[in-house]
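Heads up, the next two complexes both have subunit A, just with different partners, subunit B and then subunit C.
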Partner chain A sequence: MTARLAVAFAWLAAVVTVVFLMAPLATVVAASFSPSPVFDLPLDGVSLRWYERIGRLDGFWPALSLSLQIAVLSTAIALVIGTLAAIAIVRGRLPGAEALATALVSPLMMPGLVLGIALLQYFRAIGFTATWSALVLAHLIVTLPYVARTMIAGLALFDFTLVEAARTLGCTYAGAILRVMVPALAPSFLTAGLFSFLASFDNYPVSIFLTDVRTKTLPIKMLQYIEEAPDPTLAALSTLILAATVILLVASDRLIGLHRMAGTAE
Partner chain B sequence: MTDTAVRTPVTAVTRPDNDRWLTLGFAAPATVVLALLFVLPLALLLVASVAGPAGFSLAEYGRLTTPHYLGVIWNSLRLAVLTTGIAFAIGYPAAFALARARGVVRSALLATLFLPLAASVIVKAFAWTILLRSDGIVNTVLLALGLVDEPIRMIFTETALIVGAVNIFLPFMILPIYAVVAQLDHRLVDAAATLGASPAVAFVRVVVPLTLPGIIAGVALVFSLSVSAYVVPTLLIGERYPTLSTTIAKAFLLARQPAFGAAAGVVLLAITLAAVALSARLGRSGGSR
Partner chain C sequence: MSSPDGAPHVVIRSVSKRYGPLTVLDRVDLTVARGELVTLLGPSGCGKTTLLRLVAGLATPEEGAIAIAGRDVTRVPPHRRNVGVVFQSYALFPHLTVAGNVAFGLAVRGRPREEIDRAVARTLSLVRLEHLGSRRVSALSGGQQQRVALARALAVEPEVLLFDEALSALDRNLREDMQVELRRLLREIGATAIFVTHDQDEALTMSDRIAVMNGGRIEQLADPKTLYARPATLFTLGFVGQSTRVRGTVAAAADGVVTVDTPVGRLSAMGHFAAGSPVVVAARPEHLNVVADAAGHDGGDRARNRVDGRVRAVIFQGSRSRIEVEAGGETLLAELPGRGAADLRPGDDARLVWPVAETFVYPDPEARP
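On to the complex of A and B.
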C-alpha cells in the first residue's frame, strides 16, 4: 500500500515536472502567434506579423551572425584541443593527468559572471582590445569543459586494444584510428559539440563584460529588447530559436539517443 | 597505464619517448589555454580585489560587510537555498518515475528535460514574465478555479523569482539523481522487504543512502547555479532584490567600481567553491560507507 502510494507520488511529481518545464516554452510559442501586441492568451486568432518583424529588430542580424561565429569557432577549437587533452589524460602516461582533468572541467563549476569580470580585467591589463577575438577566447573557456567532460567519459569506455587489433589485422595506424576509434567515439564527439555550441550561443554572463556598443551577441541584444520594449516579436524570435533547438535535439537523438546523452552529459 | 604496456610490448618498447612527447603535445594546447585564459585571469581578479590606492587593502571586502551588502549576500543565499530545496522536493520523486518509465514514455520524459535545458535562459525567463503578469495565464487559472478573488501581483516578487529559478534549474537536479536511480538494484529493496523492513524503512535505510551520490551532485549543481544566477533575478524581480550577481554586474557595467566588483566576485566564487568542495567531501564519505 505504502509502496503503491510512493509510486503514485513519483508519477505525480513527474507530471508536475513535465507541465512546469513545458509551460514557459508553450507560452512563448503561443504568444508568438498573437494578433495583438499584448500577450493575450488564449489567442483570438493567429497572426504571423511578429515573425516578419524579427528581421527589422534593431541590430538583429549582426547580433545573430556574431553569436553564430563565436559559437561555431569556439566549439570547433574546443573540440580539437579538448579531445587531444582527453586522449592524453585517458591514454597517456601524463604526469598530473587527474589534476588536468579536474582543471579542464572546473570552469563549469564557477559563476559565469566571475569568469566574465576576470577576463575583462585581464584583457584590459594586457591591453587586448579586439572585441571579436576576446569573445572567441572567452567562449573557449565556456565550451572546453563540456568537451573535456564528455570526451574523457567517452574515451574511458573505449577499448584502445581495438586499435591494436585492427593494426594486427592489417590496418595502417591512421586507418585503424579512422575506422575503429572515430566511429566508436562519434557519439561523444557529437554530444560534446552540441552542448558546447548551445552553451556558447546562449551565454550571457561572460559575454556581457566583453562586448562593446557595436559588437553585441544575440543573448545580450535579446535581454536589451526585453528590457526596452517587450512585444511578441521577441516571442517569435524565441520560437524560431526553440524550433532550431528542437531540430538539433531530434537530429542528435537519431544519431546518438537521448538516453545515452543523459548518461554522458548530465 | 602499466597494463597497456604489458599488453602491447612492441609499441611500448620501441616508442616510449615518442609516446611521451606525443602525450605532452596532446595535452599542451588545452593546458596553455586554461593557464592563460582561466588561471591567470582569476589570479588577477584576486589581486585586484585587494589592491587599494596605496598597496594591499581589504577595504572593498569591508564594504561588503555593511548591512546593505550583507543583505545582498543573504538574498543570493536565500534564492539558492529556496530554489535548491524546491527543486529537490519535485526532482527526487520525478527522477524515480523517469527511471521506472519505459519506451515512448521515457523518451518523452527525457525530451521534456532536454528541451528546456537546451532552450535559452533568456527565452524561459521572458516566458515567465508573460505567464506571471497580473492579466497572465497563471492569474487567469487561479481566478477561474476560484482560488483567488482578484489577480495577485506576482511579477517582480520573490515568488516570481523562485518559480523562474526552480523552472530553469530543475533539470540539473533531476538528471544526476536519475543517473543514480537508473542504476539502482531493486533486488536490494526486495531483500530489505524480505528481511522484514517496511517500505518506509527500506526507503530510508536502503534507497536514500544508495541514491545519495546523485542527491549530492544535484543539490551542489543547483545551489551553485542559482546562487550565481543573473538573468533570472534581472528579468523576474529587478532592483528590488539585489543579489551578488547583479551587484557585480552593476559595479562593472554602471558604477565603474572594478575593485569592489572584484571583491564581490571573489565572495561569490568562494560560496560556489565551498558548495562544490562540501559536496565532493560528502560524496567521498558517502561512498566509503
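On to the complex of A and C.
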C-alpha cells in the first residue's frame, strides 16, 4: 500500500515537474501564432504574421549571423583544445591533473555576469578592443567546460589499447588516432559540440559586456526588440529557435542515441 | 632443451628495458622457432608483458636486438612489423562490425575489396564465427569477442602471433575449452606464437616451451614436462605446480646425490652441493606415498626417502586428497589420488615414502653464511 502511494506520488511529482518546465515553452509557441499584437488565451484564430515580420526586424540578420559565427567558431576551437586537454588529464601522468580538470570546468559554476565584467575589465586593461575576437574568446571560456567535461568522461571510458591494436594492424600513430580513436569517440564529440554550440548561441550575460552598438549577438538583440516593441514577433523567433534545437536533438538521437550522449550507457 | 623443428623465427638477443630507475627486463635471450608456441609465464611485474610489447614494437628496448623472420626489427615501428596481437581486453573497435574488425588490418594495407572479403570469410570460419560477420562487436559474448580478436590478428597473416593474457578475461570453463581449441587451431595453421600468462595451467596446456620469468629475467626455459619434472630453480618449483619443502644442511655428496640433514630426518636428493651448504629439499606432493603403518616394510632400499610422522589433516578435494604430515616440527604435504586417503585419520602415525630421483635440492635463498 505504502509502495503504491509512493509510486503514485512519484508520478505526480514527475508530471508536475514536466508541466512546470514545459508551460512557458508552450505559452511562447501559442503566442507566436496569435493573430493580435496582444497575446490572450484562448487564441481567437491562428496567424503567421509574426513569423513574416522576423526577417524585417531591424538588424536581425547581422545579429543571427554573428551569433552563428561565434557559436560555430568557439565550439570548433573548444573541441580541439578541450579534447587535447582531456587527453592530457586522462592519459598524462601530470601532477595536478585533478586540479586542472576542476579549473577547466569551473566557468560552469561561475555567474556569467562576473565572468563578463571580469573579461570586459581585462580586455580594456590590455587594450584589446576588437569586439568580434573578444566575443569568440569569451565564448571559448563559456564553451570549453562543456567540451572538457564531456571529453574527460568519454576518454575515461576509452580503451587506449584500441590505438595500440590499430598500430599493430598496420596503422601509423596518426592513422590509428584518426581511424579508431576519433570514430570511437564520435558520440562524445557530438555531445560536446552540441552543448557547446547551444551554450554559446544563447549566451547573454557574458556577451552583454563585450558587444558594442554595431556588433550585437542575437540574444542581446532579442532583449532590445522586446523593450522597443513587445509584440509576438519575439515569440515567433523563440519558437523557431526552439524548433531548430529540437531538430538538432532528434537528429543526434537518431545518429548515436541520446542515452549515449547523456553518458548513461556506453 | 627440446625445441620443435624449424628455423629460428623470433630471435630476442640480450634485450634490456628500463623505466626510469626500474629495470623491467635484464638482458633477456629467447629464440622462438617457426611454428613454435612459447609461453612467457610469471607473476605480475616479472617483465613478461614488456617483453611481448617489445616484440610487437609497442615499446623499444634500451639494449639488445629483436629479429623476426631474419629481419632486425629492433627500431621498426609496430605497423611495419607484421605481427598479430591479441590483447587481454581484446581491444575490438566498437564502431565497426565483426567483419569490419577482421578486415581492418587488410583495409589499412589497401588490399582490394575482393581479397579482403575472402580473407574475412576464411578467418571468421577458422574461428567458427562465419555467421556473425555483420554483428556489432558489443553484441557478442566474451568468448565470441575473443575469437573476433583472434580472427582480426590472423587475417593479416602475421609472422608471429602475440597473446597478452588473451584468455584471462574468460570464465574458467570457457577458458579451458579455448586453451585446447586455440592450441589446435594454431597447430593447424602452423603459427609461431608467443603467449603471455600468469596462469600455470594455461602455460602447461598450450605451450611447446615455457619461459618462466622472474624479476626481468628468464629463470628457466623448457618444455612443460621438463619444467614440471625438473624445475631448475626454487622459483620455478614454487610457480609451477605444488611442492612440499624443508630446509637442511648438506651432510655428504657423492655421484650427483646429496644427503641432507633436515628437521624431519636425513634425506637424499639429486644435486651437486658441497657438504655444509644450506639447502632447501623439495618434492612434488603427488610423489609422496603415505604408509599408514610406520612399522611396515617398504623394501628399505636407498632409492627412497622415508619420513615418519603424524597425520595432522586430511583434506578431501574430490579426485584427490591432500594429507598434511607433521614430522620434526615441519609439515610435509602428500597428495593421494582417488580414495587413497580413505582410511587415514588425523593423529594416525604415518610414514612418507618417495623416490630420491623425484627429490629436488636448491640453495637456501634465506641462508647467507
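Just so it is clear, the second predicted complex is superposed on the first by the 263 of 266 C-alpha atoms of A that agree within 3 Å, B and C clash if a C-alpha of one lies under 4 Å from a C-alpha of the other, contacts with A are read in each partner's own complex, and residues count from 1 in each chain.
Throughout what follows, a residue touches a chain if its C-beta (ideal position, glycine included) is under 8 Å from a C-beta of that chain, and two chains touch if they have at least 3 such contacts.
What you are looking at is a predicted structure, and each value in this text was computed from that prediction instead of being measured.
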item	value
Which superposed partner A:Ile141 touches (first subunit B, second subunit C, both, neither)	first
Which of subunit B and subunit C A:Ala85 touches, first, second, both or neither	first
Comparing the two partners subunit B and subunit C, which touches a greater set of residues in subunit A	B
Contacts of A:Ile226 with subunit B and subunit C, given as first, second, both or neither	first
Which superposed partner A:Ala166 touches (first subunit B, second subunit C, both, neither)	second
First, second, both or neither for A:Leu190, with subunit B first and subunit C second	neither
First, second, both or neither for A:Ile54, with subunit B first and subunit C second	neither
Subunit B versus subunit C as contact partner of A:Ile117, first or second or both or neither	first
Partner chain(s) touched by A:Leu68 [first = subunit B, second = subunit C, both, neither]	neither
Subunit A positions touched by subunit B in one structure and by subunit C in the second	161, 164, 266
Residue numbers on subunit B that touch subunit A, as the complex places them	1, 4, 7-8, 11, 19-20, 22-24, 26-27, 29-31, 33-34, 37-42, 44-45, 48, 90-94, 96-98, 100-101, 106-107, 109-116, 118-124, 126-131, 133, 135-137, 140, 166-167, 170-172, 174-176, 178-179, 198-200, 203, 217, 224, 227-228, 230-231, 234-235, 245, 248-249, 252-253, 258, 261-262, 265-266, 268-269, 272-273, 276
Subunit C residues within the subunit A interface of the complex	56-58, 77-79, 81, 83-85, 87, 89, 91, 93-95, 104-105, 108-109, 138, 152-153, 156
Subunit A residues within the subunit C interface of the complex	159, 161-162, 164-173, 175, 179-180, 183-184, 186, 266
Residues of subunit A defined as touching subunit B within the complex	2-3, 6-7, 9-14, 16-18, 20-25, 27-28, 31, 39-41, 80-82, 84-85, 87-89, 91-94, 100, 103-104, 106-107, 109-115, 117-122, 125, 137-138, 140-141, 144, 148, 160-161, 164, 198, 202, 204-205, 208-209, 219, 222-223, 226-227, 230, 234-235, 238, 241-242, 245-246, 248-249, 253, 258-259, 261-263, 266
